[in-house]
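First chain A sits with chain B, and in the next complex the same chain sits with chain C.
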Partner chain A sequence: MTLENTLLNSKIVTRLVIVCFLLLVVVPFAAGLMYAILYSVGLIGILSNGFTTSHISGTVQNPEILFSLLYSFYVASCSMLISLVLSLGGVLFFKSSITKGKWSFFSYLPLAAPAIVTAFVSLQVFNKTGVLSRVLYQTNAISDLSQFPDMVNDSLGIGIITTHVLMATPFFLIFFSNIYEAENLKSLSEVAKSLGASSTKVAEKIAIPLLLKKGLNTILLYFIFVIGSYEIPLILGQQSPQMISVLIVRKMQRYNLIDIPQGYFLSIVYSVVVILLIAVFLKSKKPVI
Partner chain B sequence: MMKRLKRPIAFLSLLAFSFPFIFLFILSIAKGWNFPNLLPSGYSTERWSGLVQNTGGLLQSLLLSCKIGLVVAIVSTFTGFTISRSISLHSKRKYLLFACYFPLALSPVIYSLLLNHFFLKFNLSGTFMGVVIAQLIITIPFSILLLSSFWNERIRSLEQVSSTLGSNLQQIFFRVLLPVALPQLLICFFQTFLVSWFEYGLTIIIGVGKVQTLTLKVYQYIGEANIFYAALSSCLIVFPPAIFLWINKRYVFSKLN
Partner chain C sequence: MKKLTSLFLLLFAFILSACNNNASTIEKDHLQFSWDEILIQAKGQTVNFMMWQGDPQINKYINSYVIPSVKAKYGITLQTSAGQGNQIVSILMGEKEALKINSEIDMCWINGETFYQLKQIDALFGPFVDKLPNATLINLDNPFIKYDFQIPINGMECPWGNVQFCLIYNKEKVLVPPKNMLELENYVKQIPGKFTIPNDFTGLTFLKSLLIDIAGGGSTLAGPFDEAKYKNYSAQLWQYINRLKPFMWKSGTTFPNAVSPMHQMFSQGELYFTMSNNDGEVDNKVTEGTLPGFARSYVLDAGTIQNSHYLGITKNSNQKAAAMVILNFLISPDAQLEKQNSSVWGDGTVLDLTKLSAKEQAAFNSLQNRIYGPNRIEIASKALMELAPEYMIRLNDDFRKYVIEQ
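And then the complex of A and B:
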């Protein structure tokens, strides 16, 4: 009896499993998106009075939406940029000892903290009466609470960006360290050095480009994740501008029923942005996970 | 110069990585923490001992989070293993795997808002089952992606060799595939458990605050400005995964390397 004849491998079973896959993965996504489209054009919902584009035009004309999108991109870009600089620097400095050394478990430790807990810790460290302001007060760097800058619930999103950096840096340290090991960058660097290249040149021309190229997919996926993050801006953000997830939840859970179709339209816009970013990601051949 | 800096920087990094854990534990046993004191005014294990008496429903939330996490991890690991095999044999493999990225890349809170209507329609909103199903919608694609790399040519050859040597389906599955796949399955189990354990946005929307997992408790205590109980709930969230990570690194990763 060959394997091809067995039930497990039969075409019927494979097709059934694929149908299950479509029902579990594709159908919910498509159904949710379709419901949002119908709701945002007034074809369904509590205030439904037939097809209308008023909700869409109302959303498009609202400057808060554009600000929110730009603010989300700003936070994601800053967070990623800082995290990448720190993690690349860390990997070039510590090499594979980040994941291989005696104390390497500590590199993995921050991965055990979810966004909501990291946001809570950041709140307790960076608020006006937090750990940082206490340290500065005790060292006489500040004499009054008002001298301590707003680091949480601030307009520049310092608290949000810092928290994302605290979450992303350990992740990318481990990630780049694994690439460093897998690509045998140590030997490559040694060869380059023996041919006369300086440490800076090795980092600039070999290590950094290779690490970034190999990690591009994950960087992009993490960027998408930061754009859509919810818990961190919910705890550390301010009322306006809000990050896209917080704004959508606020619109869809308000008592004002007119805001709900706008919230649905906004979630479509967000989904389209995510789909486009993933389409860019698809071009690459290597899987991320 | 750089070599001399290596140890202090390593020590500072180590301190920075473990700081949240130490800080949360200290805060969870603190009696009071008034400005400008760096350390709490006193310490007590009262809150931790109150956990056994289910003070504030924390024990209940801990058990609920465990229950949801275990169900989600077991179902998604098994489903992911089965589906990823069929996908690996499919001619449209690339596109099917591509579809798995959508539920993962979308913000869980927005995805749950898009799905909320259907959960309300099927009376799943605000129920344990509703939260489990909602989390599975995210963790199943995740486990499919995670396990899809397992089904390579080597595994396929292994299956064929076992079959030609007379093994039946059960023997191929239990004696060949399962032992080979065990490290990947364990990683998948840990990862999906963590996704469920850390989940907040999706749980609050689909669970409508009725399914009080630990992450919801943390947010509730932050809202009430009860930092000590927020720290205690946070400890309950971060310490089990930290132990998991240690086990994972010690036993699973070492076997894979």
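And then the complex of A and C:
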């Protein structure tokens, strides 16, 4: 009887959790998506004149969206690649000591800075008349401030990527350090070494694959987060191409109110891309029977 | 699957029902009340004022002067929230779509393009300006006040300030500032990387001034939007800008997204020019310390846009009486004088000085002592009228299409 009661209670709790999840996460998202769909085809909105596909066709025909999506993927890929290389390297070099002791403060500190603050710091440091440029000028490395290379509002997105790297690297350093400890990688590495494996071999065959495999979910989520980032590309990006969130907000807040449905359609495109990314990821994780 | 479809349909119906926009709002007709009745109603009310809060001096004027004054004089609590143009429009659109009867915004700071948009969605209360006793001190027939982006205000928004676009230059680097488009082109080519145009309202005002110059003066583009004229003159404008583009900041590969980063780059020497919609901004900003002492402002010989900014009351405001009392205070000689002082804000008055007492006139005239910016009365002869809002909408789209993305 007690066991039955416990099982019943646990079933109720599970269902409650599912209902809460649906109510708090799925329903608002679905309602938002539905609202965007209805808005983009002119079925709602106080300026709508009834059903139309003109907003969708007008948006699709504009190559700006494709460039924006590609640019967002490019920035996210570069940012993640550099952050992962740096954080994996850091963890393997420092082992777990980077999150402990007096130096750990510096690995936790950047996590406390909001994206907008980090973006402004990057702007002050990396612009043509910024801190770095002035130091180089004072040390005669450059003869004029204008010789300092374009590192913010640049066509390659160096400023955006650098800032994302500054934010992501400490996060992944701590994240991988925790996995390193939880998986007892130190002992595993010692065993491998005692069997004759070199440090490089240990990193290549054991540590890196294990850290990446265990962290795959978080890496993908961070990748999606970078694609959708707003403040950093707004402050450090160019006017064209723009990252997808900046483009959506621009379309939503144009002087021409008739263009708002285009912004809603873009937000649908962005949502679909993110859902597809997650779907592909989940499919690739399914065990092969 | 059936459950999922049902849920989907339910959601669909829910959203459609939530978006019915045929609601009728019940409101008291404040326009029928006498001013004394309005004052009685206003007492003890709390008014939410949505305004651009990007300038600490303006915020200080509101927080340290206006809020205590309206509390002490009329017992009204004024609360401010940050938001401008498209944000105000988004909120009011959202409220109307959600059938919200009492708006979160009672009064808002607007001008041209926002006025045009708010009229499109029928979100403004009025006409109320005639009800304000201090409105008699404004010359409402002055074309720079009577029309907002060529649209008659018809009492639907209250004039608050009047400013004229100015170019700001570094006087230590630019010894003789260019006075017309040809001189500007030649000068920009001599100083590569030191000039740019912000992709925002200020930049568009500059482009409008150039468009009027290309069109041969103020009257050519006056009146409603003219597609043929726009196509003709804007094509020449983009040719001109594209000739300058390789010599602009970052070789014209990008443009600042707002005028504030331009001010910063100007202060740091990265740019030799910046710009402002407010002819009093240089004195204000230098006094404040956010622009350096080498900043000077001027207007081009062909003239620049003079622009009034206004205050509106939202149609669904529940505090219309108190909002009207605050607006009346804001256009009082005392509040306007305080606002025009460069050390406070430096915003030009909308009052007709000839309608003021001799003492008040003397007080306003004593403020014409600018050090860094041009004399307000002198540049008024070069003032150009704002164009119809469609010009700005098109310039905004085409600046991106024919310049930024080229």
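Assume the second predicted complex is superposed on the first by the 251 of 289 C-alpha atoms of A that agree within 3 Å, B and C clash if a C-alpha of one lies under 4 Å from a C-alpha of the other, contacts with A are read in each partner's own complex, and residues count from 1 in each chain.
By our rule, a residue touches a chain if its C-beta (ideal position, glycine included) is under 8 Å from a C-beta of that chain, and two chains touch if they have at least 3 such contacts.
Please read all numbers here as calculations on a predicted model, not as lab measurements.
Peer 1: Where does A:S245 make contact in the superposed view: on chain B (first), on chain C (second), on both, or on neither?
Peer 2: Only chain B is touched by A:S245; chain C is not.
Peer 1: Touch test for A:N127: chain B only (first), chain C only (second), both, or neither?
Peer 2: In the superposition, A:N127 touches chain C alone.
Peer 1: Count the residues of chain A touched by chain B and by chain C, then name the partner with the higher count.
Peer 2: In the superposed model, B touches more residues of chain A.
Peer 1: Touch test for A:C20: chain B only (first), chain C only (second), both, or neither?
Peer 2: First partner only, chain B.
Peer 1: In the superposed arrangement, which partner chain does A:V280 touch: chain B (first), chain C (second), both, or neither?
Peer 2: A:V280: touches no partner chain.
Peer 1: Could you tell me if A:L47 is touching chain B, chain C, both of them or neither one (first, second, both, neither)?
Peer 2: In the superposition, A:L47 contacts chain C only.
Peer 1: Examine A:Y35 and indicate which partner it touches, taking first as chain B and second as chain C; both and neither are also allowed.
Peer 2: Both partners, chain B and chain C.
Peer 1: In the superposed arrangement, which partner chain does A:A182 touch: chain B (first), chain C (second), both, or neither?
Peer 2: In the superposition, A:A182 touches no partner, neither chain B nor chain C.
Peer 1: By the touch definition at the top of the document, which applies to A:R254: first (chain B), second (chain C), both, or neither?
Peer 2: Only chain C is touched by A:R254; chain B is not.
Peer 1: Where on chain A do the contacts with chain B and the contacts with chain C coincide?
Peer 2: The answer is residues 31, 35, 129, 145, 234, 252 of chain A.
Peer 1: What does chain A use to touch chain B in their complex?
Peer 2: 1-3, 6-9, 13-14, 17-18, 20-21, 24-26, 28-29, 31-33, 35-36, 90, 93-94, 103-118, 120-121, 123-125, 129, 131, 133-135, 137-138, 145, 170, 221, 224-225, 227-231, 234-235, 244-245, 248-249, 252, 263, 267, 270-271, 274-275, 277-278, 281-282, 287-289
Peer 1: Would you pull the chain B residues touching chain A in the complex into a rising list?
Peer 2: 2, 6, 9-10, 13-14, 17-18, 20-21, 23-24, 27, 35-38, 79, 82-83, 85-87, 89-90, 96-103, 105-111, 113-115, 117-118, 136-137, 140-142, 144-146, 148-149, 159-160, 163-164, 166, 169, 172-173, 197-198, 200-201, 205, 215, 218-219, 222, 227, 230-231, 234, 237-239, 241-242, 244-246, 249
Peer 1: So in the complex, the part of chain A that touches chain C is made up of which residues?
Peer 2: Residues in contact with chain C: 27, 30-31, 34-35, 38, 43-47, 64, 127-129, 145-146, 150, 153-155, 234, 238-240, 252-257.
Peer 1: Spell out the part of chain C that touches chain A in their complex, as residue ranges.
Peer 2: 8, 11-12, 14-16, 19, 21, 85-87, 89-90, 93, 96-97, 113, 117, 120-121, 193, 199, 250, 253-257, 265, 268-270, 389, 392-393, 396-397, 400, 404-405
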